[in-house]
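What follows is a pair of complexes built around chain A, which joins chain B in one and chain C in the other.
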Partner chain A sequence: MTLIKIDKKSLDQGIEKAKAAYRVFGPVKQKTDHDFKLLDKSELPDFNFQNTRLSPKAIIYPQSQIMFEYSLDETSEDCRIMKEVENVASPMAVVGVRPCDALSFPIVRRNFDSPEYQDTYWIKAYEATTFVGLACNSACATCFCTSAGTGPFGEEGLDILLVADGNNFFVKELTEKGAAFIKAAGWSGDADANAASKIDELKKTAEATITAAVETDKLREKTILELYDASFWEEEAFSCINCGTCTYVCPTCWCFDVQDETFGKSGIRMRNWDSCMFPLFTHHASGHNPRDVKYQRVRQRFMHKLKYYVDKYDNGIQCVGCGRCIRLCPVNIDIRRICNKMNSFDAAKAACEAVAS
Partner chain B sequence: MQNPYLPYPVRIDEIITETEDKSLKTFKFVFLNPDDEKKFAYSSGQFAELSIPGLGEIPIGIASSPAEKGFIKFTVFKTGKVTSYLHAMKEGEIMGVRGPLGHPFPWDMLKGKNIVIIGGGFAFTTLRSSIVSILDPANRSNFGDIHVVYGARTPGMLLYKEELQGWAARDDIHMNITVDGTDDPNWKYLKGFVPTITEEKAPPGSDDTYAIVCGPPIMIKFTQPVLDKLGYSHDNILMSLENRMKCGIGICGRCNIGKDFVCKDGPVFTLSQLNQMPKEY
Partner chain C sequence: MTDYTDKIKEIAKRVLDEGKVDMVIGFRKGTVPMMNQPHYATSAASVDELIWDSSCGLNLANYLTDKKGNIAIVAKGCDTRNIVTHVIENKIKREQLHIIGVPCTGMIDHHKINAMFDKEITKVEESGDQITISGNGFSETLPKKDLLAENCAVCTHRNPVEYDELVGDLVEEQTGVDQYASVKEVEAMSPEDKWNYFEDLLAPCIRCYACRNACPLCYCPTCFVDESRPQWVGKSQDPTDVRTFHLLRAYHCAGRCTDCGACERVCPMGIKIREFTKKLNKDCLELYGWEAGLSLDQRPPLDTYKADDPEDFIK
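Up next is the complex of A and B:
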């Protein structure tokens, strides 16, 4: 595996050079926060950030995406026949992805790319993308990646890991896609002999800045109904206003709605991010709604991430510990507290206590 | 890579108004491209998304049987935006069908078994498909005794009336057609609610007897204790569920009941399975 050391200047030059072969996305400060955007010519990513306000999921899975187009013109031969819109994904590179967000892509892939059905839109965009990660040298107070399957130097989901060391960067090639990007950027120059130990030292320092954790070891062994029927859901959901911020900012929330929009005699079928926080998400045409009450929707969100996903794929929780939902929740609902509550929930003991009271 | 969201174009070949209140119509579709019919290889119990450009898609059980060639049929209750529009469409118009989706009734497991089909109201569509499949001369010998209990509020609210009469005249299927009540002097079938008729007419439970139950929640609620009383194991009771859907292929995230999606992992579940799942349907 190639390990290169470059300075800030060659990093910037390389990113600029790579734009000839890739559409390059990177974090850029917009008003008060950093967010990913397609970098214009000579625009560079700004690495002076902890994490972006929104996750990079929209690069692969846009908030609104046109799937089909149709004509309602009766004189047209194709009237009312759905036509695929052109879906050719040109090479993309996302530079500056934090390791937590990088892990979200393999997690979400299990949903969009299953043995039975392949979501062509997500898969094409994903396969066309090279993920250039940026290790975190220090964490936010809300970060808990080390107990959510990754860490500040986590590599899963990345093609390249960049590690900042003062004004220099270590470039760690992780995949063939990564090698191709390094070539396109023209980065070269072997790192010196003690680079590996330097990275290790930075990693240990970074990990030590993470103070929050979740416990997930007992989630699998409980039954779905034990956790579903747990007594704490109404209380935990009490303050929720169902605003949907948590699902909007979450890198692993993937639910969508499909809508047709007609303009005159033609139209599009599109999909839009949706949220299990909204009553309409599950509302039947008959008026019946299986998740009619707020706490049922809050329960669905946490059960999906921390139990249903765990049971379905046997591959950890559907959460990467980025902490966005904790930081941005207007009523301070904290997934760490709920995860720990679920993990330590003792159905038998709760039943005894219910009888005793 | 096949785009799983792309519907097959179909032409509405025939529209039949099924019930006296006109709330249920059967739509017979013919594929515009004959190859698409081959791709749409289905079994009784599966559903499809009916797709009307400009309005959206609706998940509807397939009412035709794979034994019937050249078309597919769906019986649709007029209730929301898409179904209301569909009810106003005319024969010859073009729309889309996407599927088949979900798991059918477990026909391999049902081979050699007795089957009791219990249906109420307009939830008789995939049951009609099942009966036609079972009665197909090439297929009938694969099953033991077949009992059917089918009820509606009034005679005018029964689906597939002509076919029901035809099946009632046969000796290889025990038809029990019932209505909640009627003052029609010519009514020659049963009167009474589905659970009551089931208790009177259904055979006792056994390892070799399966019940397929589809109907409104109230019917299911009162039929289940009857089946318990008759000795049906919960592994031998099959049910078909509905939830709001969009993608129909387990991706968009809304129709889950616990970890299972009604669209992809269902819509058919055994009562044993449902007993272990949250009641979110």
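Up next is the complex of A and C:
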């Protein structure tokens, strides 16, 4: 695989050039924070950010997405027939994806592209997309990617990794999709012999800036019901207001709700992001709600990410350590604290303590 | 205000030891700067985690809704006004509560402070009326008055209006502040400018409902946006539905909002949600001479009828 070294000017020119073949998304500062957006002509990504406020998941999996259209016009031939909307994804490239967010796509893929189910909307968008990552040269205090299956220079989920070295960038081609993007961008010029060791040095420096970690080694061996019945859930959930912030800013939260909206004699069937924090998420048509109380909903979110997913896929936790939920939770529920509590939970000991008190 | 911490712990320990209350609701230090966590203590051990500083901006009255048992609650001026509103609206009984009143000098605005620095803030410390903000390679000390949340900057009810005991001497109330300067600016706009202004204001909304859920007033068993039989509001990012949510929620808070600022504080997208409620607060003040939550003995203007109620706005 190719390793190229380019300067900032070639980087920008290449991104601009690639727009002829791709719809290019990148981080842009909007008011106070950076978020991904479709870059207009001559608009360039702004790499002066630690991470975007929202993850790039909406590029592949929009918050609201129309899936079907229907007609209620009795005189029409296709009255009451659900017709799939045109679902063709043109080539997209997301430039400036942080390695933590990059790992979220293979994680989410296990849900949307499995032997049992293929979510054609997600898959088509995903397959049409080239992920151009940007290594993190320094971490935030809330970043714990190195204990969540990746790291500041992690490559999983990426087609290209960009590594900033002063005003220059190393361009590391990782896949064929990446090679095609490099070609479209016109980036060329082999990096010198020292490049690999320079990248390694930058990587080590970056990893040393990670101060946060979670312990996950014992999650898999825990008994589901013992964790489910653990005594700490009510206390940990006390501050929760059951908003959807953690879910919506999370790169790996994938749940959605299906809604029909009718306008006169025609209508659409769409899906919208949903959140297990909302009581409505599990509200049955009968009126019964199996997760009626807030601690049950808080427990669900963490059990899903840190236990059910772990057990089902045997591929680590459903969390990439980006820290968004920690930074943005309005009431400071901290997944690191919950994860460590779950990992170290000793049901026998907790039972003894309960008896003693 | 950090010197209130010891007094809060002392009171909490006493009321728990005396068996006066089953729990004390307050704050514990957050794991992220400027984000303290609502926390409850039921024993001396958890009392030690209780703290107070200028990042206790969430409204703890929100944690009282329909609670059973006897509860002590740490409450600054706006929290006590929402406790009064809760009592008036039968969401809690005054007798259940032991209100630990906090004379407040305002809360700092984490949105504003984060936006002031390009680099990540890893530590925020306060000493008297000075706040020191630091991160990797920088440290800056600024007067707290320049960092206040907008609602705190124009607050005229810093002292608790209802309490059983205080954690410190009452503070001087602010006078001469123009509470409604931002509303007047919007009122002066042309309809087209207003439309654009609100469109821009709500554009970042992700419908997480943090604003609604952090608000002590929003305790409806089923919010109108969650009703499904019939469904009143669409669930998508359609701007009409997003606006419907915000406008109707604001109107539901008319004559009840204490301008505690919790909605703005919790918004992950930094939307200035008070622009809506503030206008209604201004109308209630101008039409009915009313500010919410100041007295247990007065009914709110919108749930009473008086023969001389203004009606000029009915066309």
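What we mean here is this: the second predicted complex is superposed on the first by the 357 of 357 C-alpha atoms of A that agree within 3 Å, B and C clash if a C-alpha of one lies under 4 Å from a C-alpha of the other, contacts with A are read in each partner's own complex, and residues count from 1 in each chain.
Assume a residue touches a chain if its C-beta (ideal position, glycine included) is under 8 Å from a C-beta of that chain, and two chains touch if they have at least 3 such contacts.
Just so you know, these numbers come straight off a predicted model, no measurement behind them.
*Asks:* Clash or fit: what happens to chain B and chain C when chain A is overlaid?
*Replies:* Verdict on chain A: chain B and chain C fit.
*Asks:* Name the contact category of A:Pro279: first (chain B only), second (chain C only), both, or neither.
*Replies:* After superposing on A, A:Pro279 lies in contact with chain C but is clear of chain B.
*Asks:* So, does A:Tyr70 touch the first partner chain B, the second partner chain C, both, or neither?
*Replies:* It touches chain B, and chain C stays clear.
*Asks:* Once the two structures are overlaid on A, work out the angle chain B-chain A-chain C from the Cα centres, in steps of 10 degrees.
*Replies:* Computed from the C-alpha centres, it is 90 degrees.
*Asks:* Quick one: is A:Pro290 in contact with chain B, with chain C, with both, or with neither? Answer first, second, both or neither.
*Replies:* first
*Asks:* Touching A:Met270 in the superposition: chain B (first), chain C (second), both, neither?
*Replies:* Only chain C is touched by A:Met270; chain B is not.
*Asks:* Looking at the overlay, what does A:Cys255 touch: chain B (first), chain C (second), both, or neither?
*Replies:* First partner only.
*Asks:* Report for A:Arg80: first if it touches chain B alone, second if chain C alone, otherwise both or neither.
*Replies:* first
*Asks:* Touch test for A:Ala141: chain B only (first), chain C only (second), both, or neither?
*Replies:* Only chain C; A:Ala141 stays clear of chain B.
*Asks:* Which partner chains sit in contact with A:Leu44 here, chain B, chain C, both or neither? Use first/second/both/neither.
*Replies:* After superposition on chain A, A:Leu44 lies in contact with neither partner.
*Asks:* Go through the superposed model and pick first if A:Ala128 touches only chain B, second if only chain C, both, or neither.
*Replies:* A:Ala128: touches no partner chain.
*Asks:* Quick one: smallest Cα-Cα gap between chain B and chain C in the superposed arrangement, Å?
*Replies:* Here the least C-alpha separation of chain B and chain C stands at 6 Å.
*Asks:* So chain A touches chain B in one structure and chain C in the other; where do those two contact lists coincide?
*Replies:* Overlap of chain B and chain C footprints on chain A: residues 257, 259, 283.
*Asks:* In the complex, go through chain B and note every residue touching chain A.
*Replies:* It is residues 1-7, 9, 32, 51-58, 79-80, 83, 93-96, 242-244, 246-247, 249-259, 264, 276-281 of chain B that touch chain A.
*Asks:* What residues on chain C touch chain A, complex-wise?
*Replies:* Those in contact with chain A are residues 30-32, 35-40, 58, 62-63, 111, 114-115, 118, 120, 122, 136, 204, 206-210, 212-214, 226, 228, 234-238, 265-270.
*Asks:* Going by the contact rule set out above, which residues of chain A touch chain C in the complex?
*Replies:* Spelled out, the residues of chain A in touch with chain C are 30-33, 48, 50, 53-54, 63-64, 138, 140-142, 238-239, 241-245, 247-249, 257, 259, 261, 270, 272, 275, 278-280, 283, 326-334, 336-337.
*Asks:* Using the touch definition up top, name the residues of chain A that touch chain B in the complex.
*Replies:* 67-68, 70, 72, 79-82, 84, 111-112, 114, 116-120, 123-124, 223-225, 228, 254-260, 262, 267, 269, 271, 274, 276, 281-286, 290-291, 296, 300, 303-304, 307-309, 311-312
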